[in-house]
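Below: one structure, written as structure tokens.
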Amino acid sequence: MSFRNFLLGIFASFSLAWGLVVVYPFFKMRAIKPIVLTEATDGKDGLYFPKRAGRVVNGAEVYAANGCYLCHTQVVRPTYAGNDLYRGDWGGLKDNGEGIDTRRETNAYDFQGEKFAQIGVSRLGPDLSNLGRRVEAVYAKGKSPEAWLYNHLYNPRGPVERRKSDCPAFRFLFEERDVKGNHSTDALPFSTAENKEIVPTSDAKALVSYLLSLKKDDAVPAALNFAPAKKKTDG
Amino acid sequence: MSDPIQKPDLDDSINVTETHGRISRQTAAAARENELGEDGTQPVSLWLFLVLAVVLIVAGGVLGSGGSLFAYGSSFREGYVRKPAPGAANSGPQPKAALAAYSAKGSKIYSAKCNGCHGSDARGDGANYPSLAGSEWAKGPTERFAMVVLNGLHGPTSTGKVFGAAGMPAQGGGMAPEELAGILTYVRNNFGNTVGDVVTVDMAKAAIETSGKRAKAGQQVDADELNAEHKKDLPGDKLDPNLLVDPVTLAPAAAK
Amino acid sequence: MSQDTSNTPDKDAIVRASIDRSLRHPVMFFFTSGAAWLAVSIVLGIISSAKNHSPDFLQNCAWMTYGRVFPAHINALIYGWGAQAAFGAIIWLMARLSRKECTAAGTILTAGHLWNLGVSLGILGILSGHGTGMPWMEFPSFAWPVLLLSYTLIVIWSLVQFRVRPAGHTYISQWFIVAAMIWFPWIYLTANVLLHCMSGHPVMAAGINAWFKSAILLLFFLPVGIGTAFYLVPKVTGKPIYSYTLAQIGFWSLAIIAPWAGMQKLAGAPIPYFLPYLGAAATVLIAIPALTVAANLLATAMSSGETVAHSPTLRFTLAGLVGLVLFGGAAVVLNLPETTLPLTQFSLSGYGFDILGLYGFFSFVMFGAIYFIVPRITRREWLSRRLIKMHFFLSAYGVVTVALVALFGGLQQGIGQEQFDQGWDNAAARATPYAIAITLAWCIILFSNVFFFMHLTLMWLRLGRRSSHPTLLVDPHHNSPHGPEGDIDNAGPGTPAAASAAAAGAH
């Protein structure tokens, strides 16, 4: 084989895959368009293009820099790819308080505002796609969701049911400072000295804001709704 | 001292043997190297090709899961519909025998509405609240019992004794037929009562209807009215107490 | 002058030796600094693995939080050790195979220092909390242009040497290494430009990152390792490559299959449906080049049993090829979409697979290359066969443990993850025993590499044995009057000891 043929072979084999698997899908998915809703199929008119509340960009940076993606994923796989959807609180809530099951798969519109979807490397901890929903509806029901998350980040093994958790304690996202007048509303219930309180830094606040924005169980248009058709109940 | 020009590269002071020795030692590692050869023309073992063929077949199967290749438009499998969880047909409560299911429902209502007065053992307190255990009206025809529960009672009970001037308050307000059926079945089959039948949802519906059509609708019943007009069973098909039903809806359910 | 004509150095030997002299500085630098980064990476690996089962370990240090220490470990392994070992091997092999001395040793050395600077700043960036959050690309965004520039300055000379090589046949190793030299910048540039400089869909960005991970492993580390193995095995055994056809099949199957792999990490995520399954199929097919190459080289060496037992180079290289077989097998077993892929996708298995490729295959072949090349460029022989043996056995035990535990443990973990009716602690608890085993295994590997690093540093300091006889794993001179360490013949040939040594055969 001559050098020319060798080079040709290398270029051809690599560029074919590179083009079809990397470059073309990248440019095609760049300009993803919102789904147009129609009254007939989706129940209302308009566009499906969910927005997220919260400090998504800053929080995502803190999430990435501290390696949360190494232990937590953010993808609820369809049933042909895994059993994620069967868990009661990963894809949404099995019962959102009104008897409605809001669980759904992750779709392409779920990562608005982020440059890099933190799909995740492994699941040493649970999936976080709907962490915001879970914290508000289950863990911190009736209480402050931010406070619950601050407590979790500061001391993950605090609650009895989480004694065996392997989540690192992110103490460095908090700072201890003197109490000025009254305790800050964000102060954590752990303190060392009488006149000191532990408060989250701006990184912690951004992160918690990002985590609470993780609610990916909104109603989807018919094109993305894969629930089996309701059977007529007899009797 | 020799003229360097005369002997440019060989000096008396250089020991040729030693120099050669040094060079050969320094190149010893290189010197002992073998030549590369790639011309082994051994035939390739058939086993290797078999293994590679197996790998190819496995990979083909994997690729098959990919559906139609290069369909960039869709992020989900074509025709994907969520598969129910394995054993999902059993998610939610398992079907129970009708008697047990109705009684379970009734026991919840009993705890909520009845045991405050009649006691958790349904024996009452002898003075203000009558006993339901062994009560003739509880064990007798179902319509009579239903009327007491729905409308309350004024005056003497089945034993003839009066328990308190105000009597029993009505419990039928806002009560669904499933709940009435449950409480009736529960009392008739617990606390020592062993009637053994099920008051069905249809029967309970009929009871509510009858109760609404009473001449004195809205007022408590009394022993005379009960014995005159309601000493009968509620209309409706009997239900086999062992039939499997869904404990939540009380509808008949197939065994899973 | 008396000349012992049987000891006249071959013309070839002089050419080889002069090539070795010309690039002794850059190659030795890459090997030594690479080994140092390997030690750093393993220490970081032990810390991060310990945090998997004992999360309170070092918990007060922000720089040591798991989310920073693990990326630092992996990036140090890849860019600090892996890339530099590869550079050393590439430069030396290309020079030898092109029969050209290296004329740009100074530039290469400077570029090597630049590479080290980039990696150091990158690792510090990750540990200080500025990582990018993209697996295997966690260096802050300033690092990649620096690394790409120094890469270019390092390998361009080898490409030039290749172009001006003496006319004639191109050897198998050269295909793999030239291809790797072209693939790496293509892959690196693509991923970094698309992810750092352009804005795209976030999930597709994650997909391209997954493709990058796989491509770096399969299209840079694998070919460099394979090319090196194709050089070392026939060189040391003296036997020709078993089958030239099989070598061609191995090369072209790798070139055609590997660029498609990688996206299987995103199965179930919202990217075009077929992409992950295409990636899974391509990863399964990697078993073809892996098994082909390994079978070819193992068959080549099979008839030289004694040489294999004696030579440290061969022992490491062949162990690496066994690792390649395991890698190919794991590639098949871990990526079956209906059965194992949902289990392994988010478990320890991915880490085990990567380590099997990076350490179990690539690093072992690089160790073999280092044990071969360093004596030639320093003109000293290794000091102690015991150190070599310790390095070999401890590394082998360690990496087999890491790979098998992570692969098997990952499957167990995956089974737990799929048990949706149990609470999450059930799945999380399954990983703990395997995490403990991995920590212990990395400790064993660290221990082995401490020996290696010590040994290599002594060679770097020119403190090796002056001898014309290599350090072999088995002592060939049982009856030597100079004792079991073999002959030391500073006096050179023409002495009785040298004559008897020459008679003992060339190794």
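Of note:
Going by the order they are written in, the chains are A, B and C; count residues from 1 in each one.
Here is the rule we use: contacts are C-beta pairs under 8 Å (C-beta built on N, C-alpha and C of every residue); 3 or more make two chains touch, one makes a residue touch a chain.
Just so it is clear, the model here is predicted, and its values are computed rather than measured.
The chain with its Cα centroid farthest from the Cα centroid of subunit A is C. Chain pair with the larger contact count among B-C and A-B is B-C, by C-beta pairs in contact.
Taking the mean of each chain's C-alpha atoms as its centre, the chain lying closest to the overall protein C-alpha centroid is A.
Remark: subunit A and subunit C have CA centroids separated by 36 Å (rounded to whole angstrom). Annotation: 51 Å between the Cα-based centres of subunit B and subunit C. Distance between chain centres (mean CA atoms), subunit A to subunit B: 26 Å. Taken residue by residue, subunit A touches two or more other chains at 25, 78, 83, 86, 105, 107-108, whereas all remaining positions touch fewer.
Counting partner chains per residue, subunit C shows two or more touched chains at residues 270-272, 278, 337, 420. Residue positions 70, 72, 75-77, 85 of subunit B are each in touch with at least two other chains. Across the complex, subunit B is touched by residues 1-3, 7-10, 12-14, 16-17, 20, 171-172, 231, 234-247, 270-274, 276-278, 280-282, 284-285, 287-288, 291-292, 295, 299-300, 332, 335-338, 375-376, 379, 381, 420, 466-470, 489, 491-494, 498, 506-507 of subunit C. Residues 16-18, 20-45, 48, 51-52, 55-56, 58-63, 65-78, 85 of subunit B are the ones touching subunit C in the complex. Contact residues of subunit C toward subunit A in the complex are 51-53, 55-56, 59-60, 62, 65-68, 70-71, 129-135, 170, 175, 178-179, 182-183, 186, 190, 194-195, 199-209, 211, 219, 252, 255-256, 259-260, 263, 265-272, 275, 278-279, 337, 341-342, 345-348, 350-351, 413, 417-421, 424-425, 427-429, 431-432.
Residue ranges of subunit A in contact with subunit B, taken from their complex: 20, 24-25, 28, 78-80, 83, 85-86, 105, 107-108, 224, 226-228, 235. On the subunit B side of its complex with subunit A, the touching residues are 70, 72, 75-77, 80-85, 88, 251-252.
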